[in-house]
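Down below are the structures I want you to see.
Two complexes are shown next, each including subunit A; its partner changes from subunit B in the first to subunit C in the second.
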Partner chain A sequence: MHKSSRLALYHFWVAFGLFVPAVLLGAWQMWMRSPSPAPLHDRPDIYYASVTLHGTIMAYVLTTFFAMGFGYAVAATSLGRPIRGTKAAWIGFWICLVGTLMAAVTVLSGNASVLYTFYPPLLASPWYYVGAFLLIGGSMIWVVLMSINMNGWKRDNPGQPVPLAMFATTATAYLWAWAAIGVLLELSCILIPRAFGWTNLIDAALGRTLFSITLHAIVYFWLMPAYIAFYTLVPQAAGGRLYSDTMGRLTFIMFLVFSLPVGMHHLLADPEHGSGFKFVQSFLTSLVVLPTLVTVFSISASLEIAGRHRGGRGRLGWIRKLPWDQPMVLAVGLSLVMLGLGGFGGIINMSYAMNSMIHNTSWVTAHFHLIFGGAVVIMYFAIAYEMWPRITGKALRSPRLARWQLWLWFLGMMIVTIPWHITGLMGQPRRIATFDYDISTVAPMGPWVIASVIGGFVLLLSALLLLVILFRSQLGKRVLAAPMQYALAVNPPKHVPVSLNGFAVWNSIVLALMIAAYGYPIGQFFFLKAHKVPAIEVTSQSVPAQELK
Partner chain B sequence: MTRSKGPFKADNPWRRIGWSLAAGLVLVSAVLGFLVLSREQQNGPPLSPWAAICAGLGFTSSTRAADEPQPPLRTPTRIAWTHETFSRISGGNTERGEFVAINCTACHGENGVSSSGLYPNLAGMKAEFIYKQLDDFRAGKRMWGAMNGIAQALSSDASADVAAYFANRTKANDSHAADNDGEYDSAKRLVNIGDPARGIAACSSCHGPNAYKLGAPSLQGQQPDYIERQLAAFAQGVRQNDINEQMRTIARQLKPEEMRDIAEYYGGGRPGQLAKQ
Partner chain C sequence: MADASSNPLQQPLPDGTIPERVVVQTERRWIAIMAGMLIVMMAVIVVTGVTHALHPPSNVEVIDPQTLHLNGEFVESNLGTTLEPDGSITVRIIALQFDFVPHCVRVPANTPIRFRLTSADVIHGFLLPNTNVNTMVVPGFVSEVRTRFSQPGEHEMPCHEFCGLGHHGMVTHVSVVAKDSFPTQGLFDRTTCAQE
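Let's look at the complex of A and B:
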């Protein structure tokens, strides 16, 4: 096995290996909240530990390991040469893995039920924060390696356009580096010192503001592998060409620029900031529809090119001619449906005024499960199916099962999130362990919650199928796999403007925008406001059942 | 591609487009956020541009609420149980007090034992209690036509003297109230145990005989009609000079017949004038 292939494979296995138990936790959480009695339904303390572990694995572990593994695979295959710095990459892998295990064990011990978003002044055991710091900090090695590999290739190939896949991967790495600044500062300057007892108080408002830097950009970090697949793998799998290489580059540049100075729309109901900056960042948030719509347009155009090439006629006849039996094509179709529905819901969340209708209800949970758990993760599956033969050297066994797996994931996610949207509008708060369904305002939510539990177990079945398919394929016979091929553009780039071949300008613009958007909101804590409060330590004590009533 | 075509050369259109777009977006959003959105107020006229910017930054003009007319401060009494108050009361002189008390005998009876249910017995009451009631009458915290005028005519020292005088008299009927074999069962329970379900403390835990609390009068042998009328006055909020509202809170919970029973229980079972009517 090639060195970079093994690197990618290990990352993918950590990502998917922890993904499946996290889905199991998610399914149990839904059952626990439902009117039907679940195992351990009288243990809300376990519910909160479970939510924390589910969120930590899905948001940090699955995504970071997947993005790193995908990045190494793309760097090796798109640049057509071995990765530089494999040793550093392995060091990074082990740092991240140690951090993951440290955080997971602490959560399982019941001493870190603070949810993956930390929520100061809630305070967990310091080892949870140290674990998260190692996981996120360790991934910065990957960021540096992606930058070194892209810039090294540019030096060795002067005047050549960087392949779109590598350009986009490097954009992802820079985006993650910018995003991680917030959470790494929060962990190292606020949470870890307090958790070890070096400080007495906790500046909750500053901590939440710092985390907001991470909290929205991290979502685009999760999203980027899916978008890279849209642009570079989907047209190829559909048997066509990419509609426009330049649109791809602009999309990833816009994601880098517009996903960062926008996090304060996660603080719309927080008192520590004035309305002005909340509006400015909400406004900038709305610009993220630009790269999204450009992508929907490019991908539809690319698929149309493929469909017509395969003999499709008429206005919509090309759709039927697409190779829907290809996991990648099927996944993109299902993904776009979920992206569309979730995207419209997201416009409500980010609107300064409309947000208050659904703030902190299960609508929000439904939104990010549809976008991330649905539209993005289904592309992770498709990428894994596409990459597996290349990195293991074994053919993908049972493609039919893979199609089932993708359909089940899509259906499960719809059955989960549609009821959540509805109960959110009915006012069901999120992050609540138990509901009294005898209360007249809660009772009508019961049937919807039951429906979402069924969806949860459909998702669990799909996740188990994923493991089966990946295992079976890896145990199969070695075959000669075709090398990884990225989609060729209709007009392959001959010369690319310097600014669309690198990130110097765009990183400078991000820096300027971050200073404009966050300079005052963060600076005010140092000279105007003091928000230091005592921490609330989350202990492993369980609440006796009779106190719940 | 060489450095001369690099990103920091002005003729590179993407650099210009990127910077001007970013600057334009920040400008537009800042104008909308800080000047347009912050300008509008929910209650009140739009803000000036400077005030709107401050509001957008999170500085709210919280002075406005403080300027609004506030309801007048109401206190149940002027008396606070401080060392100063105690030393003033303990400075009361019984001989001077006897002279002052000549003015009281017409209603409160010779030696402070009243013959009418309209007027309370004063003999044997704690000096602190009498002093406080006189000050409350003087300040208008407790209203009873004649007493307000009389108390205003008295100086603070004269109040202490007359309080000391009456505190030294012996009580008219100190016979224990609880001898009325079962006739006042509900009253007996309320006085000695209270009614925890209704949040009613036992009367006897402040007004005797179990314990006497500062500022609370001893009720044994008091005129039953007087006690009943005071309970009704507390319940209706007509009398408001109980410092912590404890009597208003308790009296509101009592039924009229319970007030009557308590009054008779404490008053030693002597039927008063009101009961005859």
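Let's look at the complex of A and C:
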């Protein structure tokens, strides 16, 4: 096995290996909060530990490990030369894995039920924070390696356009580095010192604000591998060409620039920020719609080229002619449907005013499960099916089962999120272990919550199928796998402007935007009079008996 | 493999099947459409904010959560519903693990209402379904939201931010009664429905 293949494979296995138990937790959580009695229904404390672990794995572990593995594979295959720094990459892998296990064990021991978003002044065991810090901090080694590999290739190939797949992967790495600043500062300056008892009062509002820097851009970090597949793998799998290389580059640049100075739309209902910056960041958030709209257009156009090449006629006749039996093509179809629905919900969330109707309700949960759990994760599956033969040297066994797996994931996600949107409009809060369905305003949610539980178990079935397919393929006979091929543009770029072939200018723009958007909102906490608060440990606190219904 | 090359589906597409000029032109048109969509979106956000009086709490007022019970507007005797001299209503509530104090507040319909909330410990959330009232309650700060209930009714909803292991047992209760059945009260009286 090639060195970079082994690297990618290990990362993918950590990602998917922990993903499946996290789906199981998710399904149980939905059952738990429904009117039907679930196993352990008298243990709300386990529910909150479970939500913490589900979030930690899905948001930090699955995504970071997947992005890193995918990045190494792309660097090796798109640049057509062995990646530099494999030793550092392995060190990064082990740091991230140790961090993951440290965080997971602390949550499982019941000492860190603070959710992956931390919520100071709630306080967990320090080892949860240290674990998260190692996982996120360790992935910065990957960021540096992506940058070194892209820039090294550019030095050796002066004037040549960096292949779009690598350009986009490097954009992902820079985006992650920017995004991680918020959470790393919150962990290292606020939470870890307090959890070890080195400080007394903590600045919870500053912590929230720092986390908001991470909280929106991280979503685009999760999204990027899916978009890289849209641009560089989908047109190839469909048998066509990418409509425009330039639009691809612009899309990834726009994600880097627009997804960062916008995190305060997560704090629209918070009292510690004034309306001016809330409105400014809400406005900037709407710009992030642009790269997605560009992508939907470019990918549809690329698929149309493929469909027409395969003999499709008429305005929509080409859609039928696409090779829907290819997991990658099927996945992109399902993904775009979920992206459309989830994106619509997201526009409500980020609206300065309309957010009030659904802030912190299950509408929001429905939104990011559709976008991330649906549109993005289904592309992770398709990427795995595409990459597996290349990195293991074994053919993908049972493509039919793979198609079933993708369809089940789509259906499960729809059955889960449609009811959540509806109960969100009814005002149903998120992250509640058990509801009192006797309350008149809560009672009408009951049937919808039951419906969503069914979706949860469809998702679990799909996740188990994924494991079966990947295991069976890896145990298969070694075959000669075709090398990884990335989609060519209809008009392949011969020369691209310096600004579309690197990130120096874009990173400077991000810096300026971040100072403009966050300078005052963060700076105010250093001038605002006493607003620091005591931390409240979630670990040692006993729950009054009457709360345990 | 011999017939693979004779099958047109197996042949890769040649370069330039669509001229660069056409690609650029189509993309320009699409960008113009996108800009139009963005403008409409922003207009909707501004118009809904103004016409539906949906203003997120943004008052940035600090308060010390450790001395709430000792002095200032959140002492126990000042919690609940206050009738202001101008006929409007102010409601003061403290959120804490795991209840709202007072547990139930009563307010009249068709009256301008100002909710002022703060937390004695961790972050909580206050939401009244089917209204514009939805705010985080962050310790160290006072959240102020304004609303007007068009009809009487009971608003009950659990605290909407995770606040600890008893989070699910913490429920908001606002009882809206018809304006004429709301008891008249003096400037220094405070009413609740917590004991009922």
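Here, the second predicted complex is superposed on the first by the 537 of 549 C-alpha atoms of A that agree within 3 Å, B and C clash if a C-alpha of one lies under 4 Å from a C-alpha of the other, contacts with A are read in each partner's own complex, and residues count from 1 in each chain.
We take it that contacts are C-beta pairs under 8 Å (C-beta built on N, C-alpha and C of every residue); 3 or more make two chains touch, one makes a residue touch a chain.
A quick note: this is a predicted structure, and the numbers were derived from the prediction, not measured.
Under the clash rule set out above, the superposition-derived model of subunit A with subunit B and subunit C shows the two partners fitting side by side.
In the superposed model, A:158 lies in contact with subunit B only, and not with subunit C.
In the superposition on chain A, A:516 makes contact with subunit B only, not with subunit C.
When the shared chain is aligned, subunit C comes close enough to touch A:430, but subunit B does not. When the two complexes are overlaid on their common chain A, residue A:274 makes contact with subunit B and with subunit C alike. By the touch criterion stated above, A:200 is placed in contact with neither subunit B nor subunit C. More residues of subunit A lie in touch with C than with the remaining chain of the pair subunit B and subunit C. Looking at the shared chain after the overlay, A:241 reaches subunit C, while subunit B stays out of its contact range. In the superposition on chain A, contact of A:287 is made with both subunit B and subunit C.
After overlaying the two complexes on the shared chain, residue contacts for A:504 are found with subunit B alone; subunit C is out of touch.
Between subunit B and subunit C the least C-alpha distance in the superposed model amounts to 5 Å.
According to the touch criterion, the shared surface of subunit A, contacted by subunit B in one complex and subunit C in the other, consists of residues 272-275, 278, 283, 287, 524. Touching subunit A in their complex are the following residues of subunit C: 8-9, 13, 15-20, 23, 26-27, 30-31, 34, 37-38, 41-42, 44-45, 48-49, 52, 54-62, 64-66, 97-98, 121-123, 125, 127-130, 132-144, 154-169, 171. Looking at the complex, you find that subunit A touches subunit B at residues 158-159, 257, 272-280, 283-284, 287, 495, 497-502, 504-506, 509, 512-513, 516-517, 520, 524.
Interface of subunit B with subunit A (complex): residues 1, 5-8, 12-15, 18-19, 22, 25-26, 28-30, 32-34, 37-38, 53, 55-59. Only residues 44-45, 48, 51, 113-115, 119, 121-122, 204-205, 208, 239-241, 243-244, 247, 267-275, 278, 282-283, 286-287, 289-290, 293-294, 297, 301, 305, 309-310, 347, 351-357, 359-361, 426-427, 429-436, 439-442, 488, 490-492, 524, 528-534, 536, 538, 541, 543-544, 546-549 of subunit A touch subunit C when the two sit together in their complex.
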